[in-house]
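For clarity, chains are labelled A, B, C and D in written order, and residue numbers in each chain start from 1.
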Amino acid sequence: MAKTIAILTGGGDCPGLNAVIRGVVRSAIKTYGFRVLGIEDGFDGLLNGPRVRELDLAAVRGVLQLGGTLLGTSNRGNPLSYPVQENGQTVFRDVSQQVVDNFRALGAEALVAVGGDGTLKIAQRLHELGLQVVGVPKTIDNDLRATDVTFGYNTAVSVVTEALDRLHTTAESHQRVMVVEVMGRDAGWIALESGLAGGADVILLPEIPYDIEKICAAIQRRRAGGSRFSIVVVAEGAFARDGQQVLQVSADQSCCGVPRLGGIAHAVADQLTHCLDMEVRTVVLGHVQRGGSPTPFDRILGTRFGVKAVDLIAEGRYGQMVALRGREVLATPIAEAVGQLNLVDPDGDMVRAAEKLGIMLGR
Amino acid sequence: MAKTIAILTGGGDCPGLNAVIRGVVRSAIKTYGFRVLGIEDGFDGLLNGPRVRELDLAAVRGVLQLGGTLLGTSNRGNPLSYPVQENGQTVFRDVSQQVVDNFRALGAEALVAVGGDGTLKIAQRLHELGLQVVGVPKTIDNDLRATDVTFGYNTAVSVVTEALDRLHTTAESHQRVMVVEVMGRDAGWIALESGLAGGADVILLPEIPYDIEKICAAIQRRRAGGSRFSIVVVAEGAFARDGQQVLQVSADQSCCGVPRLGGIAHAVADQLTHCLDMEVRTVVLGHVQRGGSPTPFDRILGTRFGVKAVDLIAEGRYGQMVALRGREVLATPIAEAVGQLNLVDPDGDMVRAAEKLGIMLGR
Amino acid sequence: MAKTIAILTGGGDCPGLNAVIRGVVRSAIKTYGFRVLGIEDGFDGLLNGPRVRELDLAAVRGVLQLGGTLLGTSNRGNPLSYPVQENGQTVFRDVSQQVVDNFRALGAEALVAVGGDGTLKIAQRLHELGLQVVGVPKTIDNDLRATDVTFGYNTAVSVVTEALDRLHTTAESHQRVMVVEVMGRDAGWIALESGLAGGADVILLPEIPYDIEKICAAIQRRRAGGSRFSIVVVAEGAFARDGQQVLQVSADQSCCGVPRLGGIAHAVADQLTHCLDMEVRTVVLGHVQRGGSPTPFDRILGTRFGVKAVDLIAEGRYGQMVALRGREVLATPIAEAVGQLNLVDPDGDMVRAAEKLGIMLGR
Amino acid sequence: MAKTIAILTGGGDCPGLNAVIRGVVRSAIKTYGFRVLGIEDGFDGLLNGPRVRELDLAAVRGVLQLGGTLLGTSNRGNPLSYPVQENGQTVFRDVSQQVVDNFRALGAEALVAVGGDGTLKIAQRLHELGLQVVGVPKTIDNDLRATDVTFGYNTAVSVVTEALDRLHTTAESHQRVMVVEVMGRDAGWIALESGLAGGADVILLPEIPYDIEKICAAIQRRRAGGSRFSIVVVAEGAFARDGQQVLQVSADQSCCGVPRLGGIAHAVADQLTHCLDMEVRTVVLGHVQRGGSPTPFDRILGTRFGVKAVDLIAEGRYGQMVALRGREVLATPIAEAVGQLNLVDPDGDMVRAAEKLGIMLGR
């Protein structure tokens, strides 16, 4: 009887997830003759359900160019600390063993777990409990060290760059300073690369605490040189050298009931308004950065990751995850990969190139 | 000696303004042998300066596909109520006569004034003072009644639709309600058309005060039917039937020093959070809607408007503005056009079509 | 019991067809409670089969942004002259009555026929035979007179304009003449509008036979003025005033076994090579013009057409087709619409505007 | 006195060339205080002229997002074998020394030569003659071995993938086989990567001679499995195992006076028509693949290459060219780089992944 494998996608969605799923399904069926099950809504589809459906070739037709994940994802709960009702109260328990038991009840022999650092940590725990699992890394921020880059990031940079192209013309027509907030809580890759590609004048990263005085001075120099507008790209995790702004931001975010992005852009705009005699406007790109059709790069990388994950299963190399190194897709132990951040090097090649161009990085 | 004409662009920038300028310059030079001056930064370039440059064919090369306006625009002041320093205080004066005098000093015989309702009102006043002026209407919201549609609007709908396409996949993957705020202070055209094109489930317009209970009920019906996410498109000028939310929004907007879009999206999200047991997220598209390369429609319409404006000057038909009616570009008196809003008809063809599809319009 | 209606799509595919299908399905189910059948591959799905499936709400989920038609289309045969095997030979017969009989066997009461002039002629014949039919016009060339414009055309202009934007930079870098062939056998709308939007220097339409000497002279004048490249947009149906080139083109097209687009572009390039001392290159855009995600305009128009078609069925107004006039979608008799071409007026507003800009139209 | 450097771009144009120029100019002026001259139309601007202009900061404003090269390029002649008139005849001479002499007459100390293998060979020769030169590699086909990848390639893959997305819907609606010819004379990277990203069913590369029987069989298997259309992506340099088609193609290309792309697509379509009972259509993407706004990846890489080239000049490291290895931009001797092709490995990671997905590579 044919081997059965299963796949789930966890954490925030990312363009390219469907390419991974399609790569797994097509390679499993066409090359290895495996049967593939799709688990819905991440680990939640194992804990509440099961919610599982078979993925045949027809199920992945036409999905290569679609954003999101056809399997859904869930933030409802991390199996390592899952919300459980006990005596009328919500307590948090490690339910990994239940995940393993429920998975075995499906009759599948191996699991492809696609997700970020959180999902990979769970995968590692399941592996330790004896479940045959391989990992596929996912992070739109590009902040995982185990792989040179993951799918989704290229699309995010592309969306942000297109927005910067649009904002240039309106900023210039109105002689404005435009502060654009982009994703990047720990790592400033999206801000740095889209800022380079979109012709930003100032780029603020979590890795380089910023000095607002220097930013104001840079914008004033630009103006004195005849450039009557400036584009400031700021990663959501950026913060001022003196730390004050962080407090201000938190206060701002709590002033409405709804959780809201956009704290740092408003804080920076606030500060610039005080030191400049120019109109300052903010744009918070938010969820559009995650969505939509993946770029060719992300479709290809997702596809190769999916194919490689099935290869690992066929070879019985469990506890491993796929990764890109240079131009090769290879395997690396999940245990060594989790918790390792890929940050922008403040003295690295790309930051230095940006500064040589005259871009202000806040220092 | 060749006749000299001048052109300026006023008010908020709009994709297609450069097409108008190019159309004016090429047609004036190639067909009529006129010389063309470009006045910078709207009427401000006449009041503080003059800041004027000649526009030859080279000056408009390659601009057809660029957003914004190569002449700049200004919100610094409306000549009908212009900030003037008197006795150490800022007072507001009608400086129209000074505009006329300064214009005459340029040696130009006629002015093409490109702008929205505000700019057209100024143009009418200048016309009454004897200046030879023709108007070109501009409104990204499509809220001018004198013309079927103006340039810039099509691009804005296109940008918003693309954003909705992106948000669909992320909303679906996460089972979220996504509230997307778009431009439209008085008229809800952008919300209505991009909502129709982008597959929105709820569309809220300034023309139809919304009932939050009905929106919640609609989203719950969708969910019961198996659609686990919803997209709500809301025009910035939309408001609740009972009016309460407007206050709440104002309060929210004042909690940071920087002026900020996004009031209504947060208010709606707030309300939905109370009546739904789902994650609700907001996206405020903001300035990206104004920017970037114009769609073919806007490039063509801007070009035709520019050509027609020069025709009107050649024919001595001053005090007129160009307009699109059906497929024809024609002339209409500025005096009759100003102050006439083009609103969405709550009982019109397009709203009814939306409701027949099952889209909830908040009533 | 609920009324059952059916829909089919005929002729060449067009972005926006899925919007029509979705509009029909959603409006039929949500507003009128009808059941909807989808007939596959145009009239062929009635003659060979039947190949029919039910279209419920799930069947049209996510299709608004997809090009093509989810029902397929067919060029296999026109029921008015259908290939039939008789005595071992293929003869052509009018099989309209069989179409009517097979349709009735489905148990559906009314048919929405979406297609171009050919499809509408068949629909009219079926109507005369007593079938309850309404029409939805489709033509990517915009060559039907009954409607101001149809869906698909706007997308085609958009695809061509984007290609012209791309070709500009490469033509300029290499100092080339670039001859770009676009769709438009009888009507030159795509060439005219994309040429206007894409900054073409020469535009050749079927409606204005071209004089190659004048084109060469125009390109040489441009060069003398410092513009070292030229973009020539030519509709596939364009032809030279003296008619010679048409022969040459036919000869060229038959030199390979495979039917091939691109005749006129090569003929024009050939002629230009003789009169100019410049590199001349051709690009034949071909099938990419038909494909891909529809623009917002086409999604909205397709949707409104679909909704209106169901309204006509609900009102029992058979033998009518939907049409756009100004901003309204209304009904018009199919019988009056067929065979009426919408051509570019050589003395019309838009052609004159192009010539005032200095664009050479070949005369 | 400030050092003066110069830059020229040679060979076919490529998205990202302006990013290189801008990177050179900004970094040279802002970081090193150099003066920058732009040589027009490649080496031709030195041999016929000189045609040179100063590039200040204003000269590179707004060019980051433009395709092509603001300096122009030239195919007029290779200085190593340059057409010269002698005794009324055109003969070909090595004019490298004249290039060196003319360059010195400009008063510039170092040259940045941006171009493909041909340009780099010239640069190496000039270096041997004592000219202080650094190279920047350019190849839209990605066929240079010295660098992991160059700018322009990513944009080309993106343009082709978008075209494949468009063609999918039309191919499916009409049940056609669509043969799409893309760039790649020696190396099939564009075909392979865009085919993977665009969901191609068959990919034909110069590196893997194809067997038409196997392709027909694969398309028939698809059809038997219910997929009624197929997309065949073919690199312009692909050829059949038995070699016959190459002759056929050459014959075809000479049947018109104008040089023409598209030979191999027509040849493959011809062959498929004989073995399949399906409509086969061809699309030759041609020059659109080179043009238009570069992707973020190409903007960033071009920028980094430009910055690094100036660094090399500042460090006096002449005879070197910049290259990307992994994530680093570094220097490598031009002499070792020229003439080394980067071909697709028929047994490599990416080809194997494609075959595991079920894509037919013609073998």
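Observations on the model:
Convention: a contact is a pair of C-beta atoms (placed from the backbone, for glycine too) under 8 Å apart; a residue touches a chain by one contact, two chains touch by 3 or more.
These are the chains along with the protein names UniProt gives them: A, B, C, D = ATP-dependent 6-phosphofructokinase.
Computed from a predicted structure; not experimentally measured.
Shared contact partners of chain B and chain C, listed by label: none present. Centre-to-centre separation between chain A and chain D, using Cα means, comes to 32 Å. Chain centres here are Cα averages; for chain C and chain D they lie 34 Å apart. Centroids of chain B and chain D (each the mean of its C-alpha atoms) stand 41 Å apart.
Residue numbers of chain D whose C-beta contacts span two or more other chains: 165, 293. The complete set of chain-chain contacts reads A-B, A-D, B-C, C-D.
Residue ranges on chain D touching chain C, taken from their complex, read 12-13, 15, 17, 41, 66-69, 72-73, 75, 159, 162-163, 165-175, 178, 228, 252, 255-260, 262, 266, 269-270, 273, 279-288, 290-293. Residues of chain D touching chain A in their complex: 23, 26-27, 30-31, 57-58, 62, 64-65, 148, 154, 157-158, 161, 165, 193-194, 196-199, 225-226, 293, 295-297, 299-300, 303-304, 307-308, 310-311, 326-329, 349-350, 353, 356-358.
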